Amino acid sequence: MRNFTSLLFAGGLGFFLLVLAADLPVGAAPMVAGEGILGQGPEAVGAANLVTAVVLAYRGIDTLGELSILFAAAAGVGLILSGMRRRADQRPDPEGGFILLAAADLLFPLLVIVGLYIVLHGHLTPGGGFQGGVILAAAFFLPLLGRPGDSLNHAVVNWVEGLAGGAFVLIGLWALAVKGDFLAPMLGKGALGSLFSAGTLPLLYIAVGLKVGAEIAGLMSTLQETEAAEP
Amino acid sequence: MNFVVLAVALPLLAGFLTPALGRSSRALAQWLGWGTLAVCIGVLWVAWARLDGGTVAIAIGGFRPPLGIVFYLDAVALLFGLAVPLMALLLWPREGTPQQFALTLVLTASATGLALSGDIFNLYVFYELTAAASFGLIAGRGTGAAQGAALRYLLLSAAGSVLLLAGITIVYLRTGTLNLAHLATLAPERLQDPVGLAAFALMLIGLGVKGELFPVNGWVPEVYGSVSGRLAGLLAGLVSKLAVLVVVRILVLIFPQPEAAQLMLVLGMLGIVAGELAAWRARDLRRQFAFSSIGQLGIVFVAFSVPGEAGIVAGLAVALHHLLVKPALFLLAERWGGSIEGLRGAGRGHWLASGLFILFALSLVGLPPLPGFWAKLLTVMGLMGLGTGLAWLGALTVMAATVVEAAYLFRTLSVLLAREAGYTSPGPHRGLDLVTASLAGLVLVGSVFALHPLGDGLKAMAAQAADVQGYIRTVLGDRAVARRGQREDRISEAHPASRGSDRPMGRADRAYGWPAGSPTRGARS
Amino acid sequence: MTLLDGLWLASALTALAAGLFGRSPSAGPWLTALYGVQFLLVAFMGPLAYGADPVPASPAFSVLGYGLSWQFTALSWFFAVITAGAALAAAWFMSGAWGRHYAEQGGDLRLLQLALALNPSTMYVLLASRDFLSLFVGWELVSWASFVLMLAAGGVGVRWALRYLVYAIGGAMAVMAAMVLSHALTGSFEFGALAAVVPDLSAGTLWSLVILLSGGFGVKMGLLPFHLWQAGAYAETPGPGSAFLGAISSRMGLYAMLLTLFGVLGLGTLKALSIPWTPLEAHELLAWIAAFTIVLPTFTALKQNDARWLLAWHGIGQGGYMLMGVAMGDALASAGGLMHVFNHATYQAALFMAVTAVVYRTGTADLNKLGGLVTRMPLTFLVLLVGIIGLAGLPPMNGFVSKWLIYRALIDDGQPLLFVAAVVGTLGTIVSVYKLLHNIFLGQLRVEHESVREVPGSMLAPMLALSLIVFVTGLAPGLVLDWLTTVQRELGLAVLAPTLGGVERPDGGLDMLWVVGILFAGFGVGALIFLAGGRARTVHQLDNYAGGHFLTAEVRYHYSDNFYAGLMHRIGPWYRGSFQWLQDSVVAATDLLAQAAAGVYRVVQPAAWLLGVTVLALWWVAA
Amino acid sequence: MTLPPLEIVLYTGAVSLLIIGLAGLVMGDNLVRLVLALAVAEAGVNLLLVLSGFRQGAFAPILLEGRVPGPMVDPIPQALVLTAIVIGVGVQALALALVLRVRRAYGTVEMRTLRARLHEDLDAAAGLPPETSRNAPAVERPA
Amino acid sequence: MMALIVELVLMPAVAFVVGLAMLLMMRKIAAKIQRRVGPPFFQPLYDVVKFFGKQTQISHGLIHDVGIIVAVGGYIAAETLIPVPGMTGIADRTDVITLIYFLMVPSLGMALAAGQCANPNASIGISRALTAMLAYDIPFVIVIFGMSWMYGTTNLVQMVEYQQAHGWGLFQAPLLAFAGLFALQGMLGKQPFEIYVAPAEIATGPMVEMGGKYLGSLIVMQSFSLYTAGILYTTLFLGGGVTWIDFLVKAFLVVAIPMTIAFQFPRYRAEQMLGSLWKWPVLAGLLGLAVVMWS
């Protein structure tokens, strides 16, 4: 009976949302604010990738909020699972097969390079700190899959995480001190399209990339260790 | 005035560093936390002093709205903003781990952000941040029950935020902008129809999860029943009010149509009935206060649903009163945990705690000189002033709720003060909690003597909050105000556009986008 | 620094002193002195009762833009005199041996003294209210003060105090609704503003105002549908507390009703306002409620087996007389109603004190465990006798005067059924008060009460003083009636022209001097006849005619249980306790609703509610 | 406005994802299934958010070699969706951690038993005897 | 003023004499109905003298004496309020409502006296007496209301003048007269409604402990009650008395009717008494009221 009513209600909601969607200007975005950014984004921020301009410049504090959500999640998970780590005497899971170990060792450098590339070219090509950070996290997490025994050094993860987050905020505060506006783009704009362009955006994205990488790696390793410790 | 952003940035910075520092020494992390909160209080206090009655819009990163994000500072925002670090300091987790300190700092930053921000999506981000931090804090080093409650709360809150995001998407699809002031100018033309109302409904329910709105507050008894008194006070007292403040901002600025307010009124009334009756049945102190907070917040929603300034005055009064009383009650509940029947004679030994409990109960029920009475009076006057059948029903519900509330609060009190001895309080003697509770009591009694200035201050604050034109003028400058006026006339009187051709939608509007980088101070109105 | 400020200060000082030194019984006399000071201050405001202009209170606030000010008028002075007198008597009663006795038995004397001191001070604030806001502030304060006094009993008293609280807060909310409704109509809380706008109000609004006000204040007065709390609350409060509450506390409802219904809306409006499809007008509705309030509680009192409960139920019944007098509204009736407030205060306080004295000596108020105390406690018997004659409204005492005024007015207005109801009430009272007198003082003295002695002086003095007042105001009611003329003029009611003995009328007036004179002359002649028969020998109680059977002390032949067996056979089935059932069904309904509300929070998947409400909201939006 | 089939598919897809997610959340009993349903719902909404910036025949908002390739898509929703996705990740990570914790604490992953045991725990923590149904009616029948 | 004092003394004397005559008539009627000769002319006087002459007078305490005095005094005071030809001074100063209450004072006095005797029979008797009072007072009050509404005054003297002018109350409100008679039956406490002095059941109830001058005083009280009832009824319904002769004839006639009825009936139980007194007289009274008020 409960399922039937839930299905009924879900169907009703779907019907209403579709009716709403039909009424919305689908495919023809009103572009009121978007046009403004497309228009004077490149000269104002100097970033080729306008999405990065929005993410880091126009809506910088959103990104800061987002970073702190990830941080809160990492801290939360750490807090929740603090008592559930595997004890020394428990035997770890068996090691991954040969293919997994070899692939992990082989892929590690590649993933790191790709991750760093995406982080560094955030303001030029699609992608940026978050996407690159995740790839870096995957890079560090892959070996753990192979050898569940050893685990990430959480102290390092915490420090990297803290420093990267701190850097992000400090750059913002530096902008506040100098230009009077928190997270305002600094260091000029440089040549559009070149690596060293769009002022502090790349620096911010590097900080974001490191932070996201460290956090997600830490998250995954904590989950993995806890799961490993399941009786 | 741009330094106000520090109130959000600094706690985050401290939060990021706390786990790392905490590894070396816990005391350092603790002092870092307290220091940051003190700085935030200082920042906000200076901002309030500088503001002295005016309103200021701070463009983050120098990007003028509607492109960039703006922080809007008016009396209400700063009042709640100031309350956040103050209460976080008072309700700091006891013997917490560095992660808990970090999460509390993040919670403080996001709550301050909720109070100040003037951009819809930014509000969503801070709302989610508050949620994430509170999940961590609730589950923290709590018992199995706390973790179970946190999981159920997480699922409900995440579902709520899905709806909230859907609502924001609809608003963005219809208006193309996210800045509240810009939305306020476009709303009369684009969000008046049922689709706009549907967006509001989704947003109300999304934000209602944390604001303990009727159907979506299933988590309240479970979470407040299993969490430490301090955190329960923080969540119930502060965070729920901020969610309501966001709903009110959206209601006042973007959805002035009456149906929106009616929806809120109906859900608020149901919340009152469900909350008070469930509290009447509750058999343990902590959950009784949880249900009572649902009832009280129902009254807050009902009060804010009254259109215009009267509604905001009433809502603010009830909200501030609840913000003062509920955390203190939760702290007292922690001292006397356990089922009410088991508490016979518990209050006899500690006369300060029982005295405070009596004072808060009297204020909640509305003994005249106490502020609780004036808040309830304002709410009922606001509702009766409307004259519609629904408003009368609302007033009736608020009054019936008072009767039920008096019944169960004083039933509990009579058990507490029963003459049988032989009650040994389980928890260790928490001196600091009593200090916080008596601080709240002092403020309550103090406000009795300062009723006149408080009343006028509240009225001025409400007038400022209800003044949509003022909001737009501060954020977007004067031309926009004219444009909203012209749009509203065109819609209401539906006479042909009198002057100037209306620019086709979508073309970049030169007037807004000043070339970035030129340092422009926030326009001081 | 007007007299009113002095009164407020004195009462506040008394409360403070009671709070600080209340615990030690020796503080009693000092507190009584303070109450005496309060009484003097009220007495100094005497000119108010003879038409002087109102005495304002200096503190005046304005909160949220609405003014809040206080003043004493003739109406408030009349009630203030009764309050001060009752408080003085109660404190005097408590100051001596009773206080020590209460403390020895584990009672919290400090709480009782403080609660007693709080009550008159909050009542002076209520009596001085000048607009809706100050009225409501005073009203809530009085409700809470009497709640504190009821709590002083502890144990069973607390349960009744909580029941009272729910009723009181319900009533207060009705008053708040009326207050806010009047604010919605006039934009301010002033009485004058509402009075100005009353003529052009629609019948519906007027009816809602009348119902809300009379309902809200009716709860405190113990009018019929809301009377279930009063008996228990007043009976279970410790001795002097119940005397004070019984005397004046529920009359504050009548004061507030007079101030708002008659002072602001005016009797003309009430008379013009008719109940649709019936010939009754609003004031007749009030009269009928009063009629039922007279009859039903009185006959419930008849069945009580506890002296305090019997008196408390009679308190409710007598409240009906006051409302009926005031509701009829013409000169005689309103004077009768108002005077009944004074009369009832005096003899109800005396009766409660007498019963407390009996409890002080014998330890119980159960009518089936007492008997024959007249030989041991003659003065208390005399006080109780005078009290019940007053309560029953028989000639020599003041109760007769106010009832006579009400009857005479009912005959003038031609209200036969109301008249019969009032008389049935009086007869019921006579029947039940005799049971009280007989079961306690007459009949066989119990073995364990052989050693009972008269109560000490500190308790006797206030009782005798009150009985004296009952007799004196019975002999010369003109003293009180003069005060009432100013009150009537102030409320816009028809004004009575009283003489010292009562009221002079061509077609059958009342002159109490003559009536009492004739009565005592009759007694004199009766005594002559009686004494003609020579000296009589007083025999021991057991030397009694028992059909040849010798009575011994152990045999308990005192007839007290089911005292009116014959009457009960006839009217027994009429007691269905329908109001009790009504109240319990309301409580059960709330309990059911609460169970449903709790069910909402025990749902397996909270998100289900989220989905449900979203769909309903969207459907509502689409509709 | 005549919509080519692509937009209809995208929008109905996003909405149906949202509906499936919410339905799964409401109907599901296994905790992991609920978290997955939540992920699906969030994916649906994120898709909806991205589509709100979509313009027909427009290019990605990237300036290749400093030149504007033509009419560009609205960049803001893409930035927003980036944040929304990260929020989703954070919340799901917390959810999974909590599921692990609940399984350790209550030994179950069923929502039904979790609720029952949670409420028992809450009652026990509050020192209440387990709720038993009433033997007599709340109100005694009138005599 | 002196005239009033004279009235105050003279009226009881007249009442005593007429009362004894009525007692004699009552016992004569009883005898005639039971086909026997009946007592000699001065028998009631002899009884009174005998009771007052007794040596052993048993008292149960002060309240016992005070109660008897209040009972007798109450009736004395009551009957001075009723106008008799030639002596209407006192009656002019008071009204019928005071009279109703004055009639209740004796029952309270009797109750006090009987209560003090500490005899269960007395207490049961008193509880029945008060129930009886409750029973007959309701129709009686309806009658009083009806008549004072009809005459427009509650002053008995003005009622008599009204009846002299407009004819007897009996003809103008016959139903009320009937109800009044029925109530009178209950008031006199004779046969159908004398449960509270039932000799067999509760040993004459309140009078169980009374002897000597107490019983004598009660006999005097009974004579006064007969006299008061008689002249009250005549004042209300039979236009009062212009001269003493027709006033006494009417009074004796009025008392004779209930007496004759009384000795035909057995004794009702308490609840039957309540039932009968609350059914027919109240119904008749209300109908009479309706007729009076709407005509």
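First chain written, first letter: the chains are A, B, C, D and E, and each begins at residue 1.
Convention: contacts are C-beta pairs under 8 Å (C-beta built on N, C-alpha and C of every residue); 3 or more make two chains touch, one makes a residue touch a chain.
As the structure is a prediction and not an experimental result, all values here were calculated from the model.
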Message = Keeping to the contact definition above, tell me which chains border both chain A and chain D.
response = B, C
Key: Components of the interchain contact network lacking chain C   = A, B, D | E
Remark   = Most remote chain w.r.t. Chain B, using mean C-alpha positions, is E
Message = Of the chain pairs B-C and C-D, which one is connected by the greater count of C-beta contacts?
response = B-C
Chain whose mean Cα position lies farthest from chain C = A
Key: Separation of chain C from chain E, taking each centre as the mean of its C-alpha atoms, in whole Å   = 36
Task = Could you put a whole-Å number on the gap between the CA centroids of chain B and chain D?
result = 23
Query = CA centre of chain A versus CA centre of chain B: separation in Å?
reply = 29
Key: Rounded Å distance, chain B centre to chain E centre (Cα mean)   = 81
Inquiry  = Two-or-more-chain contact residues of chain E, please, as numbers and ranges.
reply    = none
Message = Going by the contact rule already set, what residues in chain D reach two or more other chains?
response = 18, 22, 25-26, 52, 74, 76-77, 80, 83, 87, 90-91, 94, 97-98, 101, 111, 115, 119
Remark   = So chain A residues touching two or more other chains come to 2, 6, 9-10, 13, 16-17, 24-26, 29, 31, 33-34, 37-38, 58-59, 62, 65-66, 69, 72-73, 76, 80
Request  = Determine which chains touch and list them pairwise.
outcome  = A-B, A-C, A-D, B-C, B-D, C-D, C-E
Note = Given the complex, residues on chain D that touch chain C span 22, 25-26, 111-112, 115, 119, 137-140, 142-143
Task = Enumerate the contact residues on chain C facing chain B in the complex.
result = 61-65, 136-137, 140-141, 144, 151, 154-155, 158, 161-162, 165-166, 169-170, 173-174, 176-177, 180-181, 183-184, 590-591, 593-598, 600-601, 603, 606-607, 609-614, 617-618, 620-622
Remark   = Residue positions on chain A within touch of chain C in the complex are 2, 6, 9-10, 12-13, 16, 19
Note = In the complex, the residues of chain C that touch chain A are 604, 608, 611-612, 614-615, 618-619, 622
Remark   = Within the complex, chain B is touched by chain A residues 16-17, 20, 23-26, 29-40, 43-45, 57-62, 64-66, 68-69, 71-73, 75-76, 78-80, 82, 155, 158-159, 161-163, 165-166, 169-170, 172-173, 175-176, 179-185
